[in-house]
């Protein structure tokens, strides 16, 4: 899909997606799914290097998605789009993150946010069983 | 990504996604991005056969995404998931749609909703120029 | 504000709000804030009689709001509106609830959803201190 | 409810709400409804002095709420909270606005966003009739 993670730090990431003809809708506008995937990927990478995730994984736990939301602000018809994701609040149980997507000329194209929940190993096992 | 549209009518669709090892997160849980794409695709197909979209397209207009939201209700660790999407309100300017994703054993895995806006041709041209 | 809780059971509630002149916007449309409050109240009452909340409270814990969302589907210009709220998923850590608001003639006016998190007493004390 | 609009300009507003005992939940945490109302009010005031709204009203139209979302980031147990609302994108058809709520010591308590739609007079009349 042409997603690239450009840079990552603890609590933030930069990623991009390139516009290709096969990703466009009939009206020549970039498909919403590309923007959603870019935001989803960007936020996941912003979480990746945090101490909280390292700590959880060491104990066999995980950060699990609770909610993802994307607001499409401007249509994009060409070029590369960039996603800046950052953690807004890293609580022990709940993590809030946000992302802003801009076009090549710096205009806002979309905004997204996600909520993640810290799940300890015991809870993961129980959920998979109960499911 | 293994997305399949199973059936479509005016205002509704049924679609599925299959769980593959390469789509899983470390904890063995299906990646949120697959579920988001399934919901996005399902809702887009529910819109496809509506009179409103046919009318808009005949005039050179389009339905454009304003908002997409996904709530992850239960982790999925195996098998196929199914998405039922339907239009909740088809207004002249705004369309609201919703989707429910269930696992093979009928449990709810995720819920999603989307808002679309009807954009006439003149508006599309202006937005692309101004962008 | 004219909110009334009409009926409550474990996992669901029915509530209403009446349209008054002082709650209307210039265009004669019921103010969004009334609908948001009705949904917020309805969902809170749907949680009230659940075993999970009883259990949490016995231990000094609470269900805390993580997220509230309201989609305004149709304008309402007169009469009483009704809110049906129900719990969609009552997990140990996360609770998902939804609400549908209808007008007197049964048309959908709004839809809302909320995410709550179960917080044990120890966690509440820590959060209040750290805050 | 103790809401106060402190300052307003075209595209932004500052508002506050004060914590009172009767607005608290059992656990001593400010009720989510107060925060939602503060965000709703703050965003409505950010729209109030914009040229787009003036123009719409002159023609008998209105800005109508499509969507309101509130994310509760930290519990608040005392004092006054402040809401900074701003318009993120003022399109001809759709307006996106966001708000950040902070406590007295500057910590983020909540984030919210809203989508409004410009409705011309003709459309308002039709919707009220059809409803």
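Things to note:
As written, the chain order gives the labels A, B, C and D, with residue 1 at the start of each chain.
Heads up, the rule we're going with is that contacts are C-beta pairs under 8 Å (C-beta built on N, C-alpha and C of every residue); 3 or more make two chains touch, one makes a residue touch a chain.
Because the structure is predicted, anything quoted here is derived from the model rather than measured.
Here chain A and chain B face each other with the same set of residues for the most part; over half of the interface numbers are shared between them. Centres computed as Cα averages put chain B at a distance of 28 Å from chain D. Rounded to whole angstrom units, the spacing between the C-alpha centres of chain C and chain D is 18.
For this pair, chain A with chain D, the centres built from the Cα atoms lie 26 Å apart. Contact with two or more other chains is made by residues 66-67, 69, 71, 74, 91, 115, 119, 127 of chain B.
Taken together, the touching pairs cover every possible pairing of the chains. Here chain B touches chain A in the complex through residues 25-29, 32-33, 36-37, 40-41, 57, 61-62, 64-72, 74-77, 103, 107, 119, 124, 127-128, 131, going by the rule given at the top.
Chain B meets chain D in the complex at residues 66-67, 91-94, 115, 117, 119, 123, 127. Residue ranges on chain D touching chain A, taken from their complex, read 69, 71, 73-74, 88-89, 91, 96, 98, 108, 111, 113, 115.
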